[in-house]
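Chain naming follows the written order as A, B, C, D, E and F, and within any one chain the residues start at number 1.
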Amino acid sequence: MEAIDIFSYFLLLLLLLSGIKVVTTSNVIHAAIFLVFTLATTAILFILLSAEFVALVLVLVYIGAVIVLFLFGVMITRAPLGPNAELDNDQNKIFATLISISIFGIFTYILLQTFDSTVVIREGTSTKLLGEILLSRFVFPFELVSFVLLGALIGGITLARKDNALMDEDQI
Amino acid sequence: MSFSSELLIKVLVVLATAPVMALGLTLLEVKGSAWMQRRPGPLHVGLRGFIFPLATAAKYFQKETIIPKDVDEPVFKWAPAWVIAAVVGLFTIIPLSPTLVVRDLELGVFFLLAISSISTIGVLTAGWSSANKFSLMGGLRAAGQLIAYELPLILSVVGVVIQAETMSTVGIVEKQIEFGFPFVIAGQGIAFIIFMIAATAEMMRTPFDMPIGESELTMGFMTEYSGIRFLIFYISEYINLFVMCAIASTLFLGGYHIPLLPTEWVNFYGPLVLIGKTFILAFLLIAVRWSFPRFREDQLQTLAWKVLIPVSLLNIMVTAIMKVVF
Amino acid sequence: MISYFQDYVTVGAMIGLGLLLFLVFISLSALLSPKKPTPEKIKTYECGVDPVGGGWSQTYVRYYIFGLLFVIFDVEAVFIFPWALNLENLGYFGLIEMFIFIFILLLGLIYAIRKDVLKWE
Amino acid sequence: MSIQPILIAAAALFSIGIYGILVRRNAVMVLLSIELILNAVNINFVAFNAMLSDVFLNGQIFSIFIITIAAAEVGIGLAIVLMLFRNRETANINEFDLMKW
Amino acid sequence: MKILKESGERKTLNQSDQNEFINSIQSSFKNTSYNFDTLKINVDLSSWIDTHKILKKDFNLSFFNWLSAVDWDNEVKTGDAPKEPVTPSFEILSCLSQTNSNNLVISSTVISKENAEIESLVDVFAGANWHEREAYEMFGINFLNHPNLTKLYLPDDYEGNPLLKSFELISREVKPWPGDVDVEGMPEDSIVVEEKGS
Amino acid sequence: MSQTMDPNNMPILSEASVSVEIETEDMTLNIGPQHPSTHGVLRLVAKVNGEKISSVEPVLGYMHRGYEKLAEVRTYPQVTTLVNRIDWVSGFANEIPFIAGAEKLMEIEVPERAQYIRLILTEMARISSHFVFNGAFPLEIGALTPIFLAMEDRERVLDLLESVTGGRFHPNFNRIGGVKPVAGAGPTTKKDIQDLPAGFYHDTKVAMEKVLKAVDTFEDLIGGNEVFQARTKKVGVLTKEVAEEYGVSGPILRASGVEFDLRKQSDYLPYDKFDFEIPIGENGDCFDRWSVRTSEMRESAKIILQAIEDMPSGPIQAKVPKVIKVPKGQTYVRAENPKGEMGYYIISEGGLGPYRLKIRTASFSNISILPIMLEGALLPDLIAIMGSLDFVLGDVDR
């Protein structure tokens, strides 16, 4: 086994641990920070899978922007500093554990059945090539993305604005 | 030389230079501000005041680090780490010559933008975890400002990438040598100005220092920080000043090269040229800092969203048209 | 491929160096500095009076909108970079593609400006 | 390296996300859990891309699109949470029973 | 860039204008006095608010200078007692002036010490707010209809009204009044000075 | 939407979503007493919603020294030492109205030369006070350089004040009936004494030219700065009606467009002998307040230059009794101080000290408009507005 494989296993372990912390920690900000760790390990994993551009996109968009948005959201919804006992539905815990473990079980079974010993191939990806494909083969989804983003922007502004649309139009 | 020993040497060199550059810029700042304010500045500490920054840093090592009782301890304690890690990570792509570079990444510029966005989290969590109203407001202002000015920073670089057809920093400098002109003359003058404004805002220096705004928020997100953790924020600020100015000179001012100098000797004069350009740019920012009051939060956001971002998008379009048509 | 991994080992080493600097600073200071917390010292600073109210209340929704705008334009930047690298190959086709893309997002910015969410009353 | 451990880890991350969605009471935390799920999907795409050594980079480009859409999703999702928070003064999803009104 | 306009003509003191103003005040109000360049109107407690309204409206005294009180008492713990016996009472003083001349009026009314109450001027002059709060804490005078009659300077748990003549200064117990009167000797004759300072 | 509403009792949807705004418990922010920009120990209890201020309650009294009470147990000459500590940035100017009031009650005619010396020193106090303002105000909105330049220039003026009075901040130089001889000239009783230090006229001329130059520098460096203009223009607008009602005086009132300057309208010092202008503002915003003060420095320098030109010779001290007893009477004397109108209402019952001394200070009235001006302002504007009011806590609390 190569060193890089050992490192990959270590990363996967780290990924799962931080993922578990995201859903179990009782502090909202800590959860967001553990999500950063999850994403950072994912980014390293991407680099190992020779997808460097995707890894940096993950860092730029997720860690640099979406997490900040989450932190803003947490602060605006007035999450208390420190642990918050009321974060979880305690009565759901057993049920949720059962469901998630069974999903995991089914997935694992299928995966083990399907991909026996297929090997990942680590070879370089040219970002230039990626751009070329993105703008030729995927040109339609690419343009569509701009509409999705525009829609998200308008929708988000409409929802988050102070004089809400609900109040402006629906109220007589 | 094997890769690992080379890496070790490079890391050690950066380990030595990063704090030295920070101290050098601190000295430039204190002496520059003193010069602008008609006063002598530090005089009595060591060699005519020249080891004053070192003495200041040494002082912080001996100061008690007070951790207030209400803070969210792990977050509070680690917040400076985000900032310094992001800033030091940027040293990777600063080229002192085609070969004297920690690593010339293919995605160089993109890497710069991705990594530099990490420090936002450090600042925001620092403000939040302090459990102090001033810190919180400072942290929010800082985050709002960092994200607002990250966009012009990113977009102003795109013009350079279009012209250079590469994102590697060495590649960009080589392209400028090929051109014969640095990009600031060859079409990216507006982008350079936007980059410098955005970089000033990213570093939270006057006139964009309202996250710290000591007359309003006492010390902004750093209010509760003391001792060594304050020093880490402080030193990161100056390392960041160095990095940003070095990147700006690389992208826009021809980096390690000056026209007419023989390119085969670039390993000798390259570092000096780059550091020289960096310090000149840094001095420009220092002069700006000591001449202007700070903007108001809304004026700052208006400037970013209504002026800088549209203008930088326009710059991209114009550059792209020039590139395709000619 | 070797070079590619070396690239990112270097990046990892540099970011690690940042963290190392942090840890070295912290531990050096822990050795050199005193630690004598007193109740007064570890109180939250609020201009010399006892803090009133909780440390905190919710903040401007405005910041959220800035964050949203930023996310959207950040994503745009992600697409612009591969485009910028390939402009020569793509030619006029790429130019028009990206102009439509930028134009649509600019509409969003104009919408935001028109709705006055960037204004502070 | 075999692709199995990566895919299994992604599946595990997916299940963790599901667990989070079911257990968490705070709406922001539910959104965080959704991010875990999307991240698991991304890992799968990139891993498949590497497995197939796809010349068209379908997997990578798809994951970029997913990241993009996820960003938009978070933007809208948090905006909805904020609006509900305004109405109900809480980010607790148990109390978002608007249909009862 | 000059955004200021500077007043062109020089205003000099106009004695006749001032006399005219004093005459008009004296003809409108019965009980007035003009001593040491200070025009003072003594008004009844009942017409305290109305007087200010009239002064503001009819006499253009729109500038609110100050409001305060005097504790008239024969038995004093601090300072000198009045030479001639006075009726123990509070005198409320308020000062209004014009903003285009040196004209200035001091209105005065007297309230009893037992029932130290007076209508608040805040509705006429909003600026009276803090002055009345000061008088409230310093003298214990109650201003009726004041929006926020709380202590201005002193801590909330402070007891006593410092400016009352019956309020002792602790330092004066240690060193009784008038203390050592340490007056610098004044010159016997007026001195003609040689010009030396150039 | 309050949480107390029972969801079951809510009739229709439209009512349920009436209030869409977040019900904010506004964050209570203590600005001061230990805050970098409150000029001392002022405390503002501000209710803020994000960056916006919904209400402000100033809390005073951290510096209250009870001068009105203390004055009752002091003799008249002793009171001057108290009063020049009221507004310590322009200590000399505080003495003038009190001394003038005592002289009025005693019916003493002050020699002209003493009047001129008082006038020169008052204007110097005004210049030094405005220098402090010109340093502190930009500092508060984030420009750090002007304060160093201002302090350097103020030093020259303070040196002059020191050379005459022996004190830089608290000169205690006025005597009832005149002024003291120059510092170090020996007892006042000596026949042949020196009243101004040697070389005073020349030094003053040099210093005033420097002041004029400094004013030009400030108008360039501060007033010409785009960021400064953006921060101060249209910010903290005060209308003249509100200003008058609250008794706001001095440069702030003049910035709001009211042409009211006691130096022109009153006769406590012989200002009518000099040629000078009163700068008036148009908009009553922070920029005008800065601009009025800065222009005033130029006018003050002009007055001083004129005064040393035609300085009369003669005595500096009128004849007064050895132990000063002020006859029974009441008077109100006010003066145009750098911060605004300062007045003393002296009630004398014929004793060694005043029976009651009401001290009307400018800053007290000037900052009483803070709650109105700050309502709805942004937090950075709070600092700009506070800075533009140029108050001194000693002048507020007394």
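Following the convention adopted for this analysis, contacts are C-beta pairs under 8 Å (C-beta built on N, C-alpha and C of every residue); 3 or more make two chains touch, one makes a residue touch a chain.
Here's who's who by UniProt: C = NADH-quinone oxidoreductase subunit A.
On a predicted model such as this, the values are computed, not experimentally measured, just so you know.
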item	value
Shared chain contacts [chain B and chain E, defined touch]	F
Count of contact steps on the shortest path from chain B to chain F	1
B-C compared against A-B, more contacting pairs	B-C
Chain whose Cα centroid lies at the greatest distance from that of chain C	E
Inter-centroid spacing, chain F versus chain A (mean Cα positions, whole Å)	60
Geometric centre distance via CA averages, chain F-chain E, whole Å	20
Geometric centre distance via CA averages, chain F-chain C, whole Å	45
Two or more partner chains touched - positions in chain D	64, 67-68, 71-72, 74-75, 78-79, 82-83, 85-86
Chain E residues counted as touching two or more neighbouring chains	none
Shared-contact residues (touching 2 or more other chains) in chain C	46-47, 51, 55-61, 63-64, 67-72, 74-75, 77-78, 81, 85, 94, 98, 112, 120
In the complex, chain F residues that touch chain E	60-61, 64, 66, 68-70, 72-73, 75, 77, 104-105, 111, 113, 175, 177, 182, 187-189, 191-202, 223-224, 241-242, 244-249, 253, 258-260, 262, 264-267, 272, 275, 277-283, 287-288, 291-292, 295, 313-324, 328-334, 341, 343, 345, 347, 349-353, 355-356, 358, 360, 364-365, 368, 397
Residues on chain B engaged by chain C in the complex (per definition of touch)	3, 7, 10-11, 14-15, 18-19, 60-70, 80-81, 84-89, 91-92, 102-103, 105-106, 109-111, 113, 115, 130-134, 136-137, 140, 143-144, 147-148, 150-151, 154-155, 158, 161-162, 165-167, 218, 223-224, 227-229, 231-232, 297-298, 301-302, 305-306, 309-310, 313, 316-317, 320-321, 323-324
Residues of chain A touching chain D in the complex	2, 4-5, 8-9, 12, 15-16, 19-20, 22-23, 28, 31-32, 35, 38-39, 42, 45-46, 49-51, 53-54, 57-58, 61-62, 65-66, 69-70, 72-74, 76-79, 84, 86-89, 92-93, 95-97, 99-101, 103-104, 107-108, 111-112, 115, 117-123, 125, 129-130, 133-134, 137-138, 141, 145, 148-149, 151-153, 155-157, 159-160, 164, 166
Residues on chain B engaged by chain F in the complex (per definition of touch)	33, 36-39, 133-134, 137, 206-207, 209-210, 213-216, 218, 290-299
Chain A-touching residues of chain D, taken from the complex the two chains share	1-9, 11-20, 22-29, 31-33, 35-36, 39, 42-43, 46-47, 49-51, 53, 56-57, 59-61, 63-65, 67-76, 78-83, 85-86, 91-92, 94
